[in-house]
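Pasting the structures in now, so scroll down.
In the two complexes below, subunit A is the common chain; its partner is subunit B in one and subunit C in the other.
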Partner chain A sequence: MFKSARSILDDKLALIGLSTIIILLVIAICAPSVSPYDPMKINLQERLSPPSLEHPMGTDDLGRDYLSRIIYGTRISMTAAALITMISLIIGLIVGTASGYFGGIVDETLMRIVDIMLAFPSLIITIAIAGILGPTFENLIIAMTVTGWVGYSRLIRSSVLLVKEQDFVVSSKAIGCSDLRVVFDHIVPNAIAPIVVLATLDMGNVILGLCGMSFLGLGAQPPTPEWGSMLEAGKPFMESMPTLMIFPGLMIMITVMAFNFLGDGLRDALDPRIKAKVEI
Partner chain B sequence: MNSYIIKRMLAAVPVMIGISLLSYSLLYISPGDPAEILLRLQLGTVNPDAAAVEAFRAEHGLNDPIYIQYGNWLGNVLKGDMGRSFRTGRPVIEEFFARFPLTFQLVLIAEILALLIAVPLGIVSSSMHNSVVDHILRFFALIGVSMPSFWLGLLLIFFISLHLRLIPVLSYGSSMSLVLPITTLCIGSAASIMRLTRASMLEVLRQNYIRTARAKGVNEVQVIWHHAFRNALIPVITIFGIHLGHLAGGTVIVETIFSWPGVGRFLVDSIYARDFPVIQGFVFLISLIFLLISLSIDIAYSVFDPRIRYDVPKLER
Partner chain C sequence: MRLDKGETLAIVGESGCGKTVVGWSILRLIEPTSGEILFKGLNIMNLRGKRYGELKRKMQIIFQNADSSLDPRMSVRNLITEPFRANRIFFNGDTIRELMEKVDLNEELLERYPHELSGGQRQRIGVARAIALKPELIVADEPASSLDFSVQAQILYLLKKIQRDYGVSYLFISHNLNIVRMMADRIAVMNMGKIVEMGRTEDIFERSAHPYTQALLSAIPAIGSDRRKRIILKGEMPSQSEIPKGCRFHTRCPLKKRICETTIPTTTEISSGHCVSCHLVCDTG
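Moving on to the complex of A and B:
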């Protein structure tokens, strides 16, 4: 682990990714104190003003300070992505552990369901569910969770299968531990660690999905300062005030890129085979 | 060989049933009574009276248990009847196949271009691992996968249509209208195919048989093209297939930005309008195409790569 930490620090791209994520998290947590204005405060006197010292990113069509809205957008995207990832992981953990630990008919049934879910193009299902439930941000989170847990349950299942055969699990069963105790004390902690790391890194893609859906109008609705819906709202002013569409898009890209940078670095660091090749 | 294909096809049957079940049940996750929603849509009245709702239920078999309703729907689907769109009044199947070629055209051109650009770049990147070229290519590929397609599309409209005035914004119908949507789709795909090719090549290049070839004195170009490339291509084809499989739906965002009258856009419009026959039918057909493409890719593999046929049980566990 120490070695991986070292090689992450050596990898400049990964380091950039990590620092960006930390900065974004700080911005998200401190949104009320770092944003210069109230993101919802309408000021029709200052509609569509270009970037200036007072409003570093200008104002939108209702005179709201764009920088403040972008900052609150960080908070919304990060929270929603974390929520989706967490709920997906919990469902994936329950299904994957049950499937891997009990095997047999439980495994067969659960994995057939997973197969069916994987056979759907996930974007279409997300759109359909979010749209039919009604376009709100909460429903979008539900829709993305419905498709999100599937992949994790597969990963966790195979991880559980590996851990299950190890001596400490076999011996704890031999001394008469209950199934519940074996699962929660021995299997889950050992099977889930690498997957939690991967899931965190996948948050970039979750944010991409969230903003895409909101852009389509199937997620956060105006006036919520969410990047995707801000981009959509800025679209009509593309010619007169292109900054309205440039800043939210830039923020989405920076965020997703930061997660990808770190993810790439981490995968390289955790995969000793690729490192071996470098040394040759 | 044949038994593998048959096994694979049989395994697809329960998945198909699952797909149809989920597509059908989309009507029931909608908040509210389906009969009331459908009636309101058909009549355009705000609150249909109770007697009309009851009559509608009886007429459309909505009082039957859900599994019977589903059975009826499936029976009709198998006969090629998915009902009619509330909005246009035309059969859902007709609506789908009128739009599918438009979406298919976009995706096919974009994906083939992406493959032609990305695979050579991925190979260059991997054969110069950790060089400046590799870092630059890797950086651009990362930008490509992190770029939201909706933003890229808007930027292209902004710079190419509004700023340079090369292509009119709404030019559907002319062949120029293909350029921007295809570029948007292509950049994202090319970036992910390049990353995968690179990773897959790096994996293959450290195998023993590559070392043997090098030790024999085979020159590097031969090693890369002849020995490594072919084996590295397998995961690349998988991703290509998955991208193609998303063809029916993955273009929703691009179709919306460029007002492209394809399948995805019609689906989103139908969702807004709560046009349930279209939603159910389109989701079912899109998923079915997705399934058939992944099935044919699996089968194609087993023809090209004998290891896959023999390893099936191991791969499953």
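Moving on to the complex of A and C:
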């Protein structure tokens, strides 16, 4: 573990990604104290003002301070992405472990359900579920979780299949461990490490998906300062006040890139073989 | 094949002949397709539930590869207390200390992880896990083959000591005949999943009757003038999916006769406790 921490610090891109994420997290956590104004406060006298010292990112069509809205947007995106990833991971872990460890009919049933889910493009299922449940941010989180766990369950299953065959699992069975103990003490801890890395890498995509759906009007609704819905709200003023679209877009880009850089770095650090191949 | 209390029976044979399968079947780590396994007079194949759990505790295994048979994410303390925790048996600091002492490991190692230990130390932990529940039978699946020479001797000595102290029986699986000679009371020679010759260690080493055993014995590297003439087997081992008719060894046997190709040899006891299945032996003796 120490070694992998070192090689992450050596990897410049990963380091940039990691520091960006840390800054974004701090901003998200301290949103009320770092934002200069109330993100919901409407001030029609100052509507659509360009960036200035008073309003570093300007104001939107209702005169709300754009910087404060961006800051609160960080909080919303980060929590939602973390929540979706975590719930997906937990469901994926349960399904994947059950299917990989027990095999047979359990495996068949679960994997066919997964196949059905994978047969449709996840975007379409997400739109459908979000549409049926109604366009709120909570429902979007549910919809994205429904599609999110599928990939994890596949990965965890294959990871479990590998671990299951190892001598130490046979050894603990010989010693008299129950299935439950074998799974929780040996299989899960050994199978999950690479998946957690993948989950980090995936956070960026989750944020991208969240913002995309909100932009389409299926997620956060207008008063909520969410990057995707801010983009959508700024669209009519694209020519007169392009900053309304540039800033949320930039934030999405920075966040997604930061997660991807860190994810790539983590993968290299935890599996040096891939990197070694590239260097040859 | 039988194994008495406090005895060591070695199974020898070349790679892939089914030695490990025998060991694993006894512990039901793999399910045998046919046949029966009796432990203390009970057929363990039919046992279920609590009785089986109790019986299973009396049989343990030491693995061939000490590196892979210990969970890399568990500390030594967790590894050696797992047998107690898994079977809900009371243990305390004294139990752990006693166990560590039995396998000559320093207590300081308790908080270490397997990758911080040497091969010998890891195998000792494997031994400690196996003896923790005071079993009556230990399947030792090439317990020393992944270790270097001096450490091998230590581990084998440790196993001998444990046998003396506890009266445990060993099913000793190995391909190293020198080690087998040192450890075993009796030897079973396996070829392609069948035992071709079985007898006391002296009988096998001094009076081996089956050509396969003779070939195996001739492959032991020896020092000095008592070097035997090597019998080199021709051809490859037949694949498990197309087992030869008749004697399973006939494709490679240097002393093959016509009958070997068609008829499965019966097992004959040529002297007390020394059994051979080979046509050559049936005819002459």
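Rule of thumb we're sticking to: the second predicted complex is superposed on the first by the 272 of 280 C-alpha atoms of A that agree within 3 Å, B and C clash if a C-alpha of one lies under 4 Å from a C-alpha of the other, contacts with A are read in each partner's own complex, and residues count from 1 in each chain.
The rule is simple: contacts are C-beta pairs under 8 Å (C-beta built on N, C-alpha and C of every residue); 3 or more make two chains touch, one makes a residue touch a chain.
Keep in mind that what you see is a predicted model, and the values were worked out from it rather than measured.
Enquirer: In the superposed model, does subunit B or subunit C contact more residues of subunit A?
Expert: Counting residues of subunit A touched by each partner, the higher count goes to B.
Enquirer: Which partner does A:G204 contact after superposing on A: first (subunit B), second (subunit C), both, neither?
Expert: Touch status of A:G204: first partner only.
Enquirer: Between subunit B and subunit C, whom does A:D167 touch in the aligned arrangement: first, second, both, or neither?
Expert: A:D167 sits against subunit C, while subunit B stays out of touch.
Enquirer: Would you sort A:I23 into first (subunit B), second (subunit C), both or neither based on which partner it touches?
Expert: neither
Enquirer: I'd like to know which partner A:L216 touches here: subunit B for first, subunit C for second, both or neither.
Expert: A:L216: touches subunit B, not subunit C.
Enquirer: For A:I175, is the partner it touches subunit B (first), subunit C (second), both, or none of the two (neither)?
Expert: second
Enquirer: Between subunit B (first) and subunit C (second), which, if any, makes contact with A:H186: first, second, both or neither?
Expert: Second partner only.
Enquirer: For the complex, which residues does subunit A have touching subunit C?
Expert: So the residues of subunit A touching subunit C come out as 166-168, 170-178, 181, 185-186, 189-190.
Enquirer: Can you list the residues on subunit C that touch subunit A in the complex?
Expert: 24, 27, 29, 53, 56-57, 60-61, 63, 65, 68-74, 82-83, 85-87, 126, 129, 132-133
Enquirer: Using the touch definition up top, name the residues of subunit A that touch subunit B in the complex.
Expert: Residues 13, 112-113, 115-116, 119-121, 123-125, 127-129, 131-134, 161, 204, 208, 211-212, 215-218, 228, 231, 235, 238-239, 242, 245-246, 248-249, 252-253, 256-257, 260-261, 264, 273-274, 276-278, 280.
Enquirer: Which subunit B residues qualify as touching subunit A in the complex?
Expert: Interface residues on subunit B, with respect to subunit A: 14-15, 18-19, 22, 26, 29-31, 129-130, 139, 142-143, 145-151, 154-155, 157-158, 162, 202-203, 205-206, 245-246, 248-250, 252-253, 256, 267-268, 271-272, 274, 279, 283, 286-287, 290-291, 294, 317.
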